[in-house]
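These notes are about the structure you will find just below.
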Amino acid sequence: MNTIADVQSTHDMRNQSINRVGIRGLRLPLRLSHEEQATVATVAMSVYLPAEQKGTHMSRFVALIESFDEVIDYDTLKLLTHTMLRDLDSNAGEIEIQAPFFRTKTAPISGIKSLMDYDITLTGSIENNLYHQTLKMVIPVTSLCPCSKEISAYGAHNQRSHVTVCLCSADAIEIEEMIALIENQASCQLYGLLKRPDEKFVTEYAYDHPKFVEDIVRDVAAVLKAEKRIQRFVVESENFESIHNHSAYAKIVYP
Amino acid sequence: MNTIADVQSTHDMRNQSINRVGIRGLRLPLRLSHEEQATVATVAMSVYLPAEQKGTHMSRFVALIESFDEVIDYDTLKLLTHTMLRDLDSNAGEIEIQAPFFRTKTAPISGIKSLMDYDITLTGSIENNLYHQTLKMVIPVTSLCPCSKEISAYGAHNQRSHVTVCLCSADAIEIEEMIALIENQASCQLYGLLKRPDEKFVTEYAYDHPKFVEDIVRDVAAVLKAEKRIQRFVVESENFESIHNHSAYAKIVYP
Amino acid sequence: MNTIADVQSTHDMRNQSINRVGIRGLRLPLRLSHEEQATVATVAMSVYLPAEQKGTHMSRFVALIESFDEVIDYDTLKLLTHTMLRDLDSNAGEIEIQAPFFRTKTAPISGIKSLMDYDITLTGSIENNLYHQTLKMVIPVTSLCPCSKEISAYGAHNQRSHVTVCLCSADAIEIEEMIALIENQASCQLYGLLKRPDEKFVTEYAYDHPKFVEDIVRDVAAVLKAEKRIQRFVVESENFESIHNHSAYAKIVYP
Amino acid sequence: MNTIADVQSTHDMRNQSINRVGIRGLRLPLRLSHEEQATVATVAMSVYLPAEQKGTHMSRFVALIESFDEVIDYDTLKLLTHTMLRDLDSNAGEIEIQAPFFRTKTAPISGIKSLMDYDITLTGSIENNLYHQTLKMVIPVTSLCPCSKEISAYGAHNQRSHVTVCLCSADAIEIEEMIALIENQASCQLYGLLKRPDEKFVTEYAYDHPKFVEDIVRDVAAVLKAEKRIQRFVVESENFESIHNHSAYAKIVYP
């Protein structure tokens, strides 16, 4: 067995470096954020491969992430990204961790508590010796159409929408704090569990806060721009229109 | 080449017949229904394999469906299913054709025309020398919550819902006729294109026709039971609640 | 607030009972099986609704599952299903819990350990005062084509396949034990992490154990039939053919 | 009706322009490329919205694409993009048309013909008065692992892979020509229909052309760089490993 060939380490003659090579779609349980939530993540890891090297060592990515037993937060993701580059003997690369994130919410009138789920993606990358991190959150909300409200004698069409925010920050930003800030810009927030008095509240609240898809991205952009720890962001909203079989969509890229 | 082995035709000793063996996920363009709509279908085809036969001949399924150049309707699907059994030398089997179906709709006030898309699945199967066909339709509609309307001073939460009907009929049933019948049981229908007067109409119409997920399946069941050509059906509704991040769901199986 | 209307409890006049009504797509963290694995589940819960009742009480489903803090196994799922019927005042219903399940595997030569992920679905249902449970597992494996091996001078096409087993048993069946039994019937098992000696082993092992999609379902059926605790099962295999852009598929229903 | 309010046209005070606003997920039948293939597309259309305008006019996007009855190719997509900007009174915007594309392939030995399906996305965008077009193709192929071949006494693991190429070209590039060029860089091409002599051929061909995920992207990059009509491209390959439950992945960005 000690003479088994190492094809990946042979010399490549094509004079073509590879921006990223690695693994994706690896699913594993891990703990997330300072609350140490137990969740299930889908992981992608990749590095730069220089022109002269035929192949990377795929098993090292798996070995690294499987042996990593710390809670994933901004600090540990940075450490993990640096460790990956060392293990794979590269100077650039990226780790992307996508997982559901849960947050306990309190119903607005009854005060009853329940969980809401959000898809979040944490990315750590190193390029030119600089480390960058991004936090992407998909936040489901209610949107209620201002036009429908204005022109109709009663009622207004509303629907579930996905507000997606991807932000870059040099500092650690709490996921939960960001979600709360963004949810607040929609026509109404969602809840796992609502009693009848709560349902009355959210119905009337949404009717009192009609927002186009344009309004949602503008209002989210305003609160993100006011947050000095955030350097760059993209905010998108996709409204799964209740009167059509397609979506309304808007995007703001800052700066 | 003429001595190439035919492994599939060898004798199998495990004394285990196979209920269905064949292909799935084959995507190809075809024409659908009496309107000869050009669409793209995903096809599954399978047959019964007796215990003594090691394997089926997969390429014959592909050859059959690719050479079939007729419009897929009830008659041709029956013919196709019988031909598959003959080609594969089996006495039982099933063909499932899933494709988007398009229907021109007229906006309720402006009269402007646009397309709506529906996912439909036609299935033809033969078991014990009997041919059965089923038609499954996923019909997107608006649902508006009666509770939310009743308890709120103004407004009512509403959302897109998927009404799924799977029906068995000895006769040919027009897809378009069925869709129109079912759409009419929701709080409101969907349209590709609505002008402002139309948007006012659908907003008020939905508010005037509040329906729980339970109401939708009951009202659809009532019109399907009244349709004498239909022997059996299952109706489901999934409402993508605009106040929660999960769905409300109901199902009626008849008889 | 105490006079808020309860629309769901009003009397329905349509004389149409509803087979199942409830929620689906509710995502939440939970612990699974005797190993107490932390995972993220997607839950569907529904009950029978008698003809005279207008609507069910959706929030009770959410309240029940969110307050359930025990590990989900066969015993607790049974308890949960009975509790749901009591809470919803019904005599029939069903709970379906779908979640990734993880198992530590040992590479065949190096002995290195890594995780493998499987999608499993546990279902508990009550109908006519009888409780039934099913366990469904999607098990990814390698399949290697016997025909390709036989007719080719060298090599053989192989690919990832999904073996799906849904089984009914009156007794508790360990998920991990079942997975190990089923994986063993494929051309080869999958592993998260393989060193080069392991890769040599699995390559040669798969070549030494060529199996058609028909062979896989037959061999899985044989081991399940030999397991006396299992009353009924369905085994399916879908091979994502590496030489086509569609799948080969087979299914055995027992009995 | 003639006094119905136009909320979208009111003045917005937030001083925040929107990079893109429009629709997505609109599904409709259309004809593609010079072969006038009938297919079903999913369309996204969006424009820049200046800071002072409250909302765009969503129905104009739908009206435009539904009334467009020409075959979609490079010329008509450019026309369509310009027309969208005129209809929506904007100076920047983007149309994305995603659809399955079919190509008749000839089996290598038997010469039997069958269809292969590919997901393609055509994008036309205008920014700063400049029009850009991109063509993205997802091309399923076979990859066979050189390491597995080298270290094993017999056999080699292989699998389906997706090679995704997104390219920018000032000139019209035939989709079919590009697909043929790219497919040829994999371990082997896929076919809808293969007879036994063909299966022998593709099995041996793949074994004779082992390629890592790194080799595939390098070899595709080489042929694309040699094609002078192409200014920029990204090539990715995702190999759905037959020995793991995750993918190997590589990406080259040029320049």
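Per-chain residue numbering starts at 1, and chain names A, B, C and D are given in the order in which the chains are listed.
Note that in this section a residue touches a chain if its C-beta (ideal position, glycine included) is under 8 Å from a C-beta of that chain, and two chains touch if they have at least 3 such contacts.
Only a predicted model underlies this, so the values are computations on that prediction, with no experimental measurement involved.
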## Note on the structure
Set A-C beside B-C; more C-beta pairs touch across B-C
### Task
Report the chain whose mean Cα position is at the greatest distance from that of chain B.
A
### Task
Averaging only over C-alpha atoms, locate the centres of chain B and chain C and give their separation in whole Å.
24
### Summary
Chain centres from averaged Cα atoms put chain A and chain B apart, in whole Å, by 34
### Query
Taking each chain's centre as its mean C-alpha position, how far apart are chain A and chain C in Å?
28
### Task
Spell out, as numbers or ranges, the residues of chain D touching 2 or more other chains.
4, 26-27, 62, 117, 147, 151, 192, 194, 196, 200, 245-246
### Message
If every chain is a node and each touching pair gets an edge, what shape is that graph: line, ring, star, complete or other?
### Response
complete
### Query
What residues on chain B touch chain A, complex-wise?
116-117, 140, 142, 144, 147-148, 151-160, 188, 190-192, 194, 196, 199-200, 202-204, 206-207, 240-246
### Summary
chain A residues touching chain C in their complex are 1, 4, 6, 26-29, 37-40, 59, 62-63, 66, 99-100, 102, 109, 112, 114-115, 117, 192-197, 200
### Query
In their complex, what parts of chain A are in touch with chain D?
4-5, 7-8, 12, 14, 16-27, 44, 46, 49, 54-56, 58, 62, 146-147, 150-151, 212-215, 217-219, 221-222, 238, 245-253
